[in-house]
Each structure stands twice: as C-alpha cells, then as structure tokens.
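Report on the structure given below.
Residue numbering begins at 1 within each chain, and the chains themselves are lettered A, B, C, D, E, F, G and H in the order written.
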Amino acid sequence: MDIKDIIKPENLVYKKTDHMTDKVLSYCPGCGHGTAHRILMEVIDEMGVRADTIGVAPVGCSVLAYDFMNIDMQGAAHGRAPAVATGIKRCWPDKFVFTYQGDGDLAAIGTAETIHACNRGENITILFINNGIYGMTGGQMAPTTLEGMRTTTSPYGRDLESMGNPIKITELIANLPGVHYVTRQAVHTPRYVRRTKKAIFKAFDIQKNKKGLSFVEIVSNCNSGWKMTPNQSNIWMEDNMFPYYPLGDIKVDGKIINE
Amino acid sequence: MAKVIGAIVVDEEHCKGCEVCVVACPTQVIGMTDRVNSKGYHIAYMETPESCTGCANCAIVCPDGVITVYKMKKEA
Amino acid sequence: MTEEIIIAGFGGQGVLSMGKILAYSGIMQDQEVSWFPSYGPEMRGGTANVTVILSDNRISSPILRVYDTAIILNQQSMDKFEEAVKPGGLLIYDGNGISNHPSRKDIKICRVDAAAEAAKLGNTKIFNMIVLGGYLKEKPVVKLDNVMLGLKKSLPERYHDLLPANEKAILRGQEIIQTIE
Amino acid sequence: MKEIRLMKGNEAVAEGAIRAGADAYFGYPITPQSEVMEYLMLEKPHERTGMVVLQAESEVASINMLYGAAGTGKRVMTSSSSPGISLMQEGISYMAGAELPCILVNVVRGGPGLGTIQPSQADYFQTTKGGGHGDYRLIALAPASVQEMFDFAGLGFELAFKYRTPVMIQTDGLIGQMMEKVELSEQQARITEFDQSWATTGKTPDRAQNVITSLDLDSSRQEQHNIHLQKKYQEVADNEVRYETFDSDDAEYLFVAYGSSARICQKAIELGRAKGIKVGLFRPITLWPYPMKELKAAAAKVKGILAVEQSAGQMIEDVKLATECNIKAEHFGRMGGMIPTPEEVLLALENKIIGGK
Amino acid sequence: MKEIRLMKGNEAVAEGAIRAGADAYFGYPITPQSEVMEYLMLEKPHERTGMVVLQAESEVASINMLYGAAGTGKRVMTSSSSPGISLMQEGISYMAGAELPCILVNVVRGGPGLGTIQPSQADYFQTTKGGGHGDYRLIALAPASVQEMFDFAGLGFELAFKYRTPVMIQTDGLIGQMMEKVELSEQQARITEFDQSWATTGKTPDRAQNVITSLDLDSSRQEQHNIHLQKKYQEVADNEVRYETFDSDDAEYLFVAYGSSARICQKAIELGRAKGIKVGLFRPITLWPYPMKELKAAAAKVKGILAVEQSAGQMIEDVKLATECNIKAEHFGRMGGMIPTPEEVLLALENKIIGGK
Amino acid sequence: MDIKDIIKPENLVYKKTDHMTDKVLSYCPGCGHGTAHRILMEVIDEMGVRADTIGVAPVGCSVLAYDFMNIDMQGAAHGRAPAVATGIKRCWPDKFVFTYQGDGDLAAIGTAETIHACNRGENITILFINNGIYGMTGGQMAPTTLEGMRTTTSPYGRDLESMGNPIKITELIANLPGVHYVTRQAVHTPRYVRRTKKAIFKAFDIQKNKKGLSFVEIVSNCNSGWKMTPNQSNIWMEDNMFPYYPLGDIKVDGKIINE
Amino acid sequence: MTEEIIIAGFGGQGVLSMGKILAYSGIMQDQEVSWFPSYGPEMRGGTANVTVILSDNRISSPILRVYDTAIILNQQSMDKFEEAVKPGGLLIYDGNGISNHPSRKDIKICRVDAAAEAAKLGNTKIFNMIVLGGYLKEKPVVKLDNVMLGLKKSLPERYHDLLPANEKAILRGQEIIQTIE
Amino acid sequence: MAKVIGAIVVDEEHCKGCEVCVVACPTQVIGMTDRVNSKGYHIAYMETPESCTGCANCAIVCPDGVITVYKMKKEA
C-alpha cells in the first residue's frame, strides 16, 4: 500500500495546533520547551478559550514564547511573571491567565513573587519548567541544580556546603492554603507528554471554576546546558532529576497527597 | 480483521535532527537521513514505513512539532 | 602591519576559536590583537562571527565595517560579508553549502574546501584548522611556530595531545587552498 | 454644586485616581505616602467604581502588577516614596520600553539610602534623567498644591494614554502630608470599551495576537523601536510642556522652583517685594519635558536666577541647559528632609544673586 | 617577566579583582557579563587568595550581600548588566548613603526594558546623575580596553576605599566580550589587618560600637550627613578627574567619547585624517567626576564637537555644561545594541559639525 | 525591714545588661520589641561574644535597634537583612551574625532573601518578630495579619479572598534542609521571656557549632497598631495569634517536630 | 485677612485634629486654608505640631518660620516656638507642665488652662476644644457656626453625638482664657 | 527558716507606664503612681513592698528594662 494513500486529510491523526505560530522555535534541538509550549496550546485550543487567555512569558530561554504561542501574551521582567499575572487577573477575573517560567526565573529571582501569588491564591496557572539550570544565559547554576552537577558557575559541581541545596519550590508552595493543585510532570516521552497535558487541562479547569492557584512543574532537559545529546539528556534526567524531583501529583483539591 | 496502518510527514526544513522521535517510536519506524537541511540538521524519516501504526507518539514528543501523522484501516 | 579579519560561519564550526588562535598567535610575536565575537543566544543554531585584528600598533576600533580579509564558511555569511572586503582585499571561503559563489572582481578570492577535507580525514574537529592553514598560506601574518604556541596557550592542557593533528591540518589547509579567478 | 473637601495631598491623588476612572492600584506602604493606599482601602473603590486595590508584597511586585494590568489596557496607578521608587526602576524601564501607560507617584523623602521620612526633592535626577536603564523618559508632573495632586491624577492618565507611556507624579512629603481645600471634579466612568488594538485581552479571530514586551534581540529592530520612542518623546516635548509664572512681569530676578519649593518661593517673593526686591517665580509643572524654551525666554528678561530645590542641586543643570549658561544662575537648597524657610530663600537670593558678582 | 594573556574584558575585570586583593564577589548571571562570575568560579579564588565568590538569588540580594560584606571593611565587587543594575538602585543608594566602598560593574546592554543583549551606552544618566534616590554620586570609571578592565579593578578599590564610596566600572558588551592582550600585574595580598575604625567587626571593649546605616530620622543631622557627602564628592571632583586625548594637539574638531565609542572614534580619526580632516578625541575616563574644566579647555581650541555615545544623547548634556554652551556640540549615536562604524562616525562629524551651520 | 537595706549591690538580682545602651527605647509603651532586644543582648552578654558579634537591623519599628543594642550593627534595606547577613557571614565565618526582622520585613518584601538564606543554610541566626502588622509605617496589613483583623490597609478586616492568607513563613522555611533549628516563642510573660531566651541561646550555640541556620520567631504585640492597651494586646495575642501561630519548637537538630 | 498659626504639643493632645477643625472652619467660610503637620514615627510619644494658615487669598508657603499665633501645649514646644511668634503676635499656652513661662514683651501672651479644666469636666478628650475656644476668643478668625460645621465635617458621623460637648468646651475655653501681663 | 525578701527600683524617668509589670508580678506588688514623669507617663512602683519576693518577673518582662531587682534572705 502506498504511503500517499495514507497521507490524506481524512486520515489525519495528529498535527501541530494552529495555536502555535509557524516560526521556527528558538530552542536547541531536543529541548523540552517546545513540547511544553505545544501541549499548552493544545489545551487552549481544545478548550476553545484563546479569546479569553492571556499568557505571561518569563525571562529565560522561553523569553520569546509569544513568538511561538499564537495567543495574547506579555513578556514579564525576570522572575516577576506571577506579579504580572496578578495584575492581569485582578483586572480580568474571568480571563484565563497563566505564567510560563523557568527554574531560575521562578525559584531564584522570582521567589517572593511566586510565594506571594501562591499565598494569595491568585486564580491563575503557573507552568514551571525545571531544567536545573539557567539555559538562556549559558548554563549557570540554578536553585534547582542537583548536588554535584557541573554548570558554568559550579564548574567543579554544585557544592551544597557553599552553594546551598537544590530547592524543591514546588513542595514548598504546596503548603500554602491558596494553592489548589500542584503536580510535577515531564515531557520527554509520549506517555509523560499525555499526562502533562492532562495536568494542564486540570489546571485550566480549576481556574475556570475559580478554585485558586494551580501549579504544574515540568521537569525538563537542557541538553545544551548539560552538555549532552537530547536523548542522553533525557536518560540522565530520568536517572538523576526524577529521584530528587519525583513525578506525580503533590496537592489535589487543596489537599497535599501523602504517599 | 482490519489492521491499522500509519504514516508520518516530517517538515524537513524545520526538523532539528534531535532524534527524540527515533527513540519514542514503539515500532522503530524512524531513522535519520544522511543529508542535512539548510540549517545543517539531519532529518527524521520513516526508515521502515510499513511498521508505522500511526500512534502519533513521535509527533507528540517532537519538541519542534514538525511531525504530522496519518492513519487508516487497512483491510487485512 | 595591521590585518583586519572577519571570520563568519555557523555556530558549531569553530569560528570563535579559530579567531582566538589567530589572536594568540599574534601575541606570541608581540603584536597587538583584538577579538570581538557576535554573542548571545541568537548564536544558538544560528550564525557566529568574530572580528580579529592583528597590528604592530595600538588597535583603535575593535569593530569594523570593512576588512582586509573575510573568511566565510556558510551562505548567510557570504551574503553579509562579501561586500565588506576592502578593494584589493582577500576573501576565503569553503565551498560546502555555498550556492551563490562570490563574484567580486576587485578582490582576491580563494577557496578552501575544508569541510570536505576534514570529512576525508575523518576528523570534523580540525575543520577550522584547515581553514586557518589556507588563510596563512595566503597571508602569513603570523608564523607557524607562533600559531603552534598560540594553540598551546588557548587549548587546555588535557587537549595538548591534539596539537600534532592540528598542525597537520594547518599544513593541509595550506596545500589545498586555491585561488579562484 | 462644587464638591469641596479638606484633604491631604496623598488622599487627593487617591480620590483623583478614583474619579478619573482608574481601574487598579497596586502598592506597598512607605512613609510619607501610605495614606494613598489607606484612603483607597477605606473608600472601597471596588464598590464605588469597580476599581481594584491590592497591597502587594513589595514595590517590585507592585510595579510588575502594574505592568500586567496596564498591558491589558487598564488605567493603573502605584505610589511610593524614594527607596520604593528605586526598587521599581527595572519595572519602570520595562514599562517605558513596552510603552505601557500608568501613573507612578513618588512622594519624595530625604535620602540617600533609608535617609529620613521628611520631605525632599532629591529624586529629580532619578525621575527626569532616567533612574532605570536605557534611553527612556517619564512624563513628570510636579504638583504644588493638594488641588493639583487631585487634578494631576486625571491629567496623568490622559497623558499616559495619549502617549502610551508612564507618567510620574513627582511630589514630596510636604505636599503629600499637607491638607488644603480641594474642589473635586465629577466621577468619570471607568472605560470598559477601550482601544484594545494593542492590549492583551485575549486573541480573537479578527485580529493577530497582541504582545506586550520590551525585548527585541534583533538590534536593528530594537534600534527602530528606540527611534520610535525618541520620536514620541520629542512629540511630548513639543506639546506637553507645562509651567507657570508669578510676579514675573516686572521681575529683575527669578526663582526657579517646582512643587513645595515653588510654594515657599511664593512666600519669599512676598517678603522680597515688601523689601523692594523685584523677584518673580518660574515654576516648571512638567519636570520632563522641562520648559526649556519658556525658561530661556523668561531668563532673558532678568538679571539672575536662583534655582531653589530641596536637594544638593539637580534641577540647576536643566536651568543652565535651558538658559545656555547665558545668565547667572545658582542653586539654593536644603537637604536630608530640611525644608527651607521663605526667609532663607530670600536671603540666598540676596547673597548669591543680587549681592554676588 | 610580565605576565601576558589574551582575555575577555569580563575575565580581565574578574582577574583584576582577584589580584587587587578582593575579599568577595556576589553576583547573578546576566548577558553580556556572566563570564565575570564564571571566570571567578573556575579560578577558585578561595583557594588562590581566600576570596569568597557566591552566586546570589538575584541582583537585589547581590547588592545587599555587598552592603553587608563592605560594612565589615571588606573589598567587595559585583557585576551585572543594565536591568540587573536597575534592580540594584535602592541598594546602591544605601551604600552611598552609608559610605560603603565597593566596585560595581555595569556591562551595559541595549534598553530600555529587557531590550537586547548587544552593547549600549544608554545607562550614562543612570550612573552619573543618580539612578537611585537622593543626592549621591558614584565614581564612574569607563574602561576602553581589556587592559583597563583589568587595571580599573585595582584602581576602583583604591578610590572606593580612599573615599569610602561605591565605584562603578561602566562598560558595555563590546568591551566585556572582546579579547585583547592584557599585561597582568602581580597578586596583591588580601588586606586582613585593616582600618576597622568604622567597620562592623564586633565591638571590642576599647572602642564604641560601630554602626553602618544610611538612616537618620533627625533631619538636621541627616542634612549634616548630606553636607558631609557633598564635601566628599567635591573632593573627588577636585582630585580624581581622569581623561585622555588623542590627536588633539592640532585638531580643529573633537570627538568626545568614552569606552567603546572612544575606540571607534579613534578609527574614525584615522579615516578622517587620511581625508585631511583634523579631528582629535577627548576621552573622559571618569564619567563622574566629569572632566569639566579639562573639556572646556580642550573645546576652546577647536571649532566644534561631536559627542559620540551609543545612546539617544545623554553625555551630550555634560559636554554642554562643561563647555557652557559656548561651542557647537552635537550628539551622534546608535541605539538598541547597534554599534556605529568608524565610517558613520566620521560622516556624522562631516554632516553635523563640519558641514553644519 | 527597710527597703534601703535590700537595695544594695550585693543583693542585686536583675539589672538591665550593659549590652543595652542607655538610650530611651523608641518603642511604644508595652511593645515587645524592647524585651526581645534585651534578652538577645543578655545572651550575647552571657556568652561573652560581643567582640565577635555583628547584628543586622531591619526596616521596621526596630530600624533603630543599633541605638539600643550596644554592639556592632548594620541597618539593612527593608527586607534584605538575610542577604546583608550572608555578605557578612561569608567574609567572617567565625563571627556570630544575626538578623532581627519584623513580619513585613521578613515575610513580605524580604521573602526571597529569607527563603534563600535559609535554603543555603547560612550559618546565621534570624530573629523574627511577628506582630501581625506593619508597626513602623502606621499599622498596615502584614503578610501575617490574621483573618478579619483590622489594619489601616484592611480597614474592614483582612479578607482572605482578596488579600490572601496569613502566611506561616516559619513553618515554610522549616522545610528547607539548610535550616537546623526553628522555634516559635513569645515575650509577653516572664515564663515565655525565659523560654525565648533559652531558644536564642540555643540558636547562638548552633551558630557556634556551624550547624546551619537557626530561626527564632517571637510572636509579639503591637498595641499601637492593634489599638489596644499593652495588657489588652497581650491577652488578645494569646487568644488570637497563638492559636494560628502556635508556640513551641518546630524543627530541632534539623528534624521537623511532628505533634 | 491671613492668619498663620502653629499649634504644638504632645502627640496625644489632639494638636493635629484641632488644626484640622480650624482648617475646616475656614473652608466653611470660603477661606483658603492649609494644614501641615509634623509627621512620622518620631511622633510616637514625642511632640506633634501643625501649621495652619487661613487666608482670603491663595496661600503661598504652607510652612513658615514665624507665625501670627502660636498655641503651645508643652514645655518642649514652648522652648521651640516662643521665639517664632511675630512681634505683635499672639502666644497662647496651657500652663500645665510648663516650667519656663513665656517672657516676651513684644507679643500678647494668653494662658488657657485647658488640661485642668478638662480634668475638672471629667472629659480629657475635649482638652483641645477648650484650647480652640480660648484661641477664638482672642482671634475670632472663624465664626463659631462655621467651627461647628467644620467639626461636623471632620468628625465621622458616628461621633456626631459628641458635638454638643465640644461646643460647650469651646465656649468654656472662651471663658477661661486669660491674658498674662 | 530564712524568708526571702525582695525590692525593685524603677527608673522613673524611663518608665513608660505600660503596666506590663503590674500583671506580671505574682504577688501583686506593683501599682502605678498618680503623678506622671516628664514624658507624661504614670510610673510603676511598689504598692505593697512587703510582698516582693525579688523574683524578677517584673524586670524580665519590662519592655523598657527599667526595673532593677534586689533580694536578700530575711531571718524569720
């Protein structure tokens, strides 16, 4: 049977959503940012809420997110996306507002804004891409960098004594009463992509029902920063990141899940 | 019994040759071309098209969203 | 003597380190040098270029609009920098991936197919050294000895076993470069 | 009937914002301006007009909340005092770069550092020359009365939206804390149907996406953006200069002063004229754009200028630039929260300008 | 034997700090200056000299770590680029107010806002007029070569401690990212036995407590403190002006430019002189104190001045103030990360100054 | 027996430590800040470590702490005391370094600095005076202000919906591995003053032994801000603050205490 | 008419609100008014003062060095403001707690022992109204009707039942004020 | 049996009249004066000195640290 017979509009199974623009993603080959972008846009597409959605891009590799997500967006200052989102949401309580932030952005310079938006229970969704490094600026140590991990500012490996502990900000904010849903996911295999998409769906649903803040962490690779090929980096991530940042729901319906 | 058969189309100019799709395909359909596109990247392609089930795993996981997937029932 | 050079190509081609070796070589023979790269995230998968100046005198501007020599390693760079060679200047390029070959008549144009050669030698890492060799054939602004000293300086000690391969590549570049009429 | 109230400057700017149809206020307490938010909270503007008031966790958060809300086309305001305004500099530069309208209120106190909570005008440079990074300008209005605190909220929004740029209401503890009679204008409706051509309110099928950003990694486009900003600033400079003069018609000497110092100079003029000294006042109302041409013209008619400012001498630079150093011009000021008395100001005129060589 | 290296500007200022006996560096990554901290981390200065290097959680944290360490008498440095420097403004004002010595490095990029990561000089106002609140000044050194990046670390500490005041090394992405030959001076020992008369190192029975603060709620004392600061700044202005001239002896026209623009102007002079245009360069090395008298003197000998700055025109104000508007002086610059070429600069001189009325 | 016979040097039982200056405290009558200052100075006095101690004052009512504590001190910018202390401690690892901070200072504007100093496990001591209000600036709402509590910026009572939840920052930072000892105390009765002093002793001891960060919260009154007499405020505090901010150790020897 | 007044005393004496009522009263009779307080935390337990100006014309400086009238309610304020009364001006003080009584000869000095009187009336809250009454006796710059209107304006509605007591206090102040020779 | 007897000395000028000591004293020793100090504050004093045990509770809890405590054994 000829392939041409299969490739027909009526047989279409999967195609990039038109909520993504046609621009070439500025990400390195194999970087999880692209996948995360796409499934987020799929959710907005499938929920049919583009006209009611305002996204907030961070400063990080995804600083140009608005070049790729074909929705209304604002570029926030480094770390301040939750404050920007608060400003938007308070004026437009019926719109969907999300932030998309890296680990440096959310867990270093933006710590106060993150904690307080969560504590106020702003009815927004935070997407948190944790790749354990500052990708954008060339691979410096992030608050989430693992012990012993080499980065350009921890060239001999992160030393807990002098550089502090990799922070589990997600577990931390889960303790705040204003936070309704907290989960940690990944996008490096089809299975996890599907799960993460479901989590994002859930987060937007919570926002729709005005139940408070939802927080979706995506543990992701930064093959450039980690100095690996994409597939190597995904394996390394499973072996090293997931044990420290275990995947799964952390808080559901306002209640922390205790394993 | 109706068997399902699939096919993928890779946007060759936009493929970045990351090979994430290669390991994601459950039936090892995908290989990488020797030639490169204008950005200098090798390109994903169906090396064994007959094994494609149209499961879309490759497309779902492709960071650049450059894979389109088709699927049809093939009468046995 | 002042030699003003632009080296331009893809991010992964070793453009910046080639410039660095050149600059180091200049220092080895007591010249003034400057090296100014394009920088930042737009380099990611994009183009990279570096301006290198070697001079017997204090160097004024480290960035320039026109150059004595342009070393061009992809089509985008060709589009951008062919016009930037001073009349009477030198343009060296690798033909790999070049669709619009340079056409100026008022400059000297040389071709060094370093990519093909490196592939032939089975070592893509020495690509930029082959190019450098070609350049030095045309403009021996620095002595090979000093280049080797410069290389040594700019390479971390653990890579010093690669020095002979690099030297060979330079010599090979000097052999394969050809002038285009 | 006119609605008249006795209000603090801080309260007046808050009421002015409500009546001008402000959509939101985000702020953080700091003396001597905490009454702005306190007044708003007490007034429940959410019930009066639907206006949102939120106490942020910091000034950094405030300015970025402003950014977000302004980016959706809303009329937003924050207020703070010197150290808090310093913390906002990154955000202010972002808002200027992204061309977002808003009102910032700086009720200046003595610095540098934590300094004192008493009135000062030593943030002139910060506001007019650029406290943040990059080439941008703030329209800076300097009220000299509680009435103007009220009025400039409305004027501020008008200018901010006309030019899509942040407007600073630059005042100080004296104007903020003092009470005067204020004639209140009527409540303007909040604008819910507005020009959303640039605002991020959700992409609809009939238009392309809207993006609010100050980033462009492509330098030549970034330069074009800067040229666009500079053109806009030139337009503001051409059209929005505001100033006022007192007793300047027959004046041989001129005080140049803004805000609270202008008030003090008025008294000094009374005292001076009682002594036979013909002195007048030139009062810039817009600190940027500075009334360059207008001051130059005024200066041409007098023998000397005393620039009075509660600082070590900041505005004096603009006085010199405006007058092209063609006239004797000196600075007089007090620092660290000290307020000069009218007597001192007059004496300084006599010593530095009239008596001086 | 002289130790010679090929280094980036960013690396040179880091190595310069180590060799000048710096005690600590606190910083946060940002392009185009991240190599400063990266270099320091790689060099393990803790092993070389005992110097502490810590990556802070933000620029706000960095500047306040600097404050703490400097308050104990230590030699401390941070570096950042425009948006990060804006975030430090409160802290900088505090350090100036509390009279704490330190080195700040601003590797300027295009703004406003997030802007671009390419070189710019548009933070001149911020650094020289006061980005933070209150009356304070930073000593601002503008290196024009990688060698000076190295040298000014040492000079910076010297000035910072001589006057107990923060010193800004104001540079840009061009100087920070380029490599040149650097002659390294010898390692100076870290000073462990230092003047602790003012530093907070623990109160011993033989002295009263030491306090580091910028607060004084008593306005008259706060004013005295401000007068003290102003006197100090005057002393700096009297003694620490630095500048350099090129080809100015027979010049009919003058470029005034600092840092990377000065380098570009030098090439423009080569091109100009080749065409018979007698043009020279006046290069301020200290942006504050600005070489007022020196520029005035130099200007007296020429027909016109072109101030070249990668901005919309900031330094031009100081050029006008220095020359008392007595000479034709125009600004030429590019913005948003665009670097002018020597050819453009020369053309601008021909059009705006030589050809202009 | 005559009182004069008792009041003799040899009968002295208690006297303000000379580590406090003789200046009149700038605090309102009955404010807990004064007591907290004094016992802190007693600890430093009794440990004999004044020559090795550097304190960091915040911006808040205790902004002038250095006028009263007769030790070397630095006045930090609002919220930044933990960063200032980090700067000091990194340069002087053998000195005792403490911060003294209010709830606005530590839990609002200073959130990021607090979290990250804790996360790095800086070997310092943080004293945290939680009076549920911004005392210094005239009684505005603090992050720790209780639900329904009236302040000048919550004149109709704190509304959780729009103003967020009173934050338990102390419990939050206890989750961070760099933090060694966390306790919550009070100073309104002699019994609690003695306990709190013991806690401060313990904190300094931990610092001496370089075990990481110690964090002593003191729930205190702000009778001016609360608009009560001092004794009323202390009763109100017991009835309202303690139930939400329960006293006692939260983390000891690096382990969280579970009741 | 322009009347420039300083009122100075302890924080708890109602200095600021007395000034506010005066200012409101001025507004009620269409005058221009300004009111500028000392402010900030140093007020905590310390002194408080407020400058009030009533005028038929636009008011220039809201802060002054010399005043037509000084109303002084504690010793610190006496030390600070006795000298600030314009020659020919008026100084009113409450004798309670004053150790150094005013001694200037070129001004009119009046004493109103409002603290004692308020204690006698068993209502310390009306202390400042008694002082105000004394002042208005000496300088009827505003009419009593307008004062009562001003009071009404400046008091929240829930306190309006206190108006009669306040009026009485003002009248009482007018009675007990006495001129010192 | 030797009974313990105590006494306190209040720094009158620095007492702020907050009355925290009053409720802290286990034997109700402390009262407040009618007169005020120069700051206008009533002053804590021993109303029933004979009950003072010198336990120092008042001093420990006095926010302004203005109480000094003495104690001696009194032969029964």
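As a convention for this text, a residue touches a chain if its C-beta (ideal position, glycine included) is under 8 Å from a C-beta of that chain, and two chains touch if they have at least 3 such contacts.
Predicted model, so just to flag it, every value in this text is computed and none were measured.
Think of each touching pair as a link: the shortest run of links from chain A to chain D has 1 of them. No other pair of chains has as many C-beta pairs in contact as D-E. We define each chain's centre as the mean of its Cα atoms; on that basis chain B and chain F are separated by 62 Å. Annotation: 29 Å between the Cα-based centres of chain D and chain E. Note on chain placement: the centre of chain F and the centre of chain G lie 41 Å apart, centres being C-alpha means. Along chain H, residues 16 each make contact with two or more other chains. Shown for chain E are the residues in touch with two or more other chains, namely 31, 54, 57-58, 60, 83, 90, 94, 98, 113-114, 117-118, 213-215, 217-218. Under the contact definition stated at the top, the residues of chain C that touch 2 or more other chains are 40-41, 45. On chain E, the positions that touch chain D within their shared complex are 60, 82-87, 89-90, 93-98, 108, 110-118, 120, 122-123, 125-126, 129-136, 213-227, 229-230, 311-312, 314, 317, 320-321, 324-326, 334-338.
Every residue of chain D that touches chain F in the complex is listed here, in rising order: 28-31, 34, 37-38, 41-42, 44, 54-55, 57-60, 83, 113-114.
Only residues 5-7, 9, 14, 16-20, 22-24, 41, 46, 49, 54-72, 74 of chain H touch chain F when the two sit together in their complex.
Looking at the complex, you find that chain F touches chain H at residues 1, 3, 5-8, 11-16, 20, 24-25, 27-35, 38, 187-190, 193-194, 229-231, 234.
On the side of chain F, the complex with chain D involves touching residues 59, 63, 75, 77-79, 104, 108-109, 111, 134, 136-138, 140-141, 143, 152-156, 162-163.
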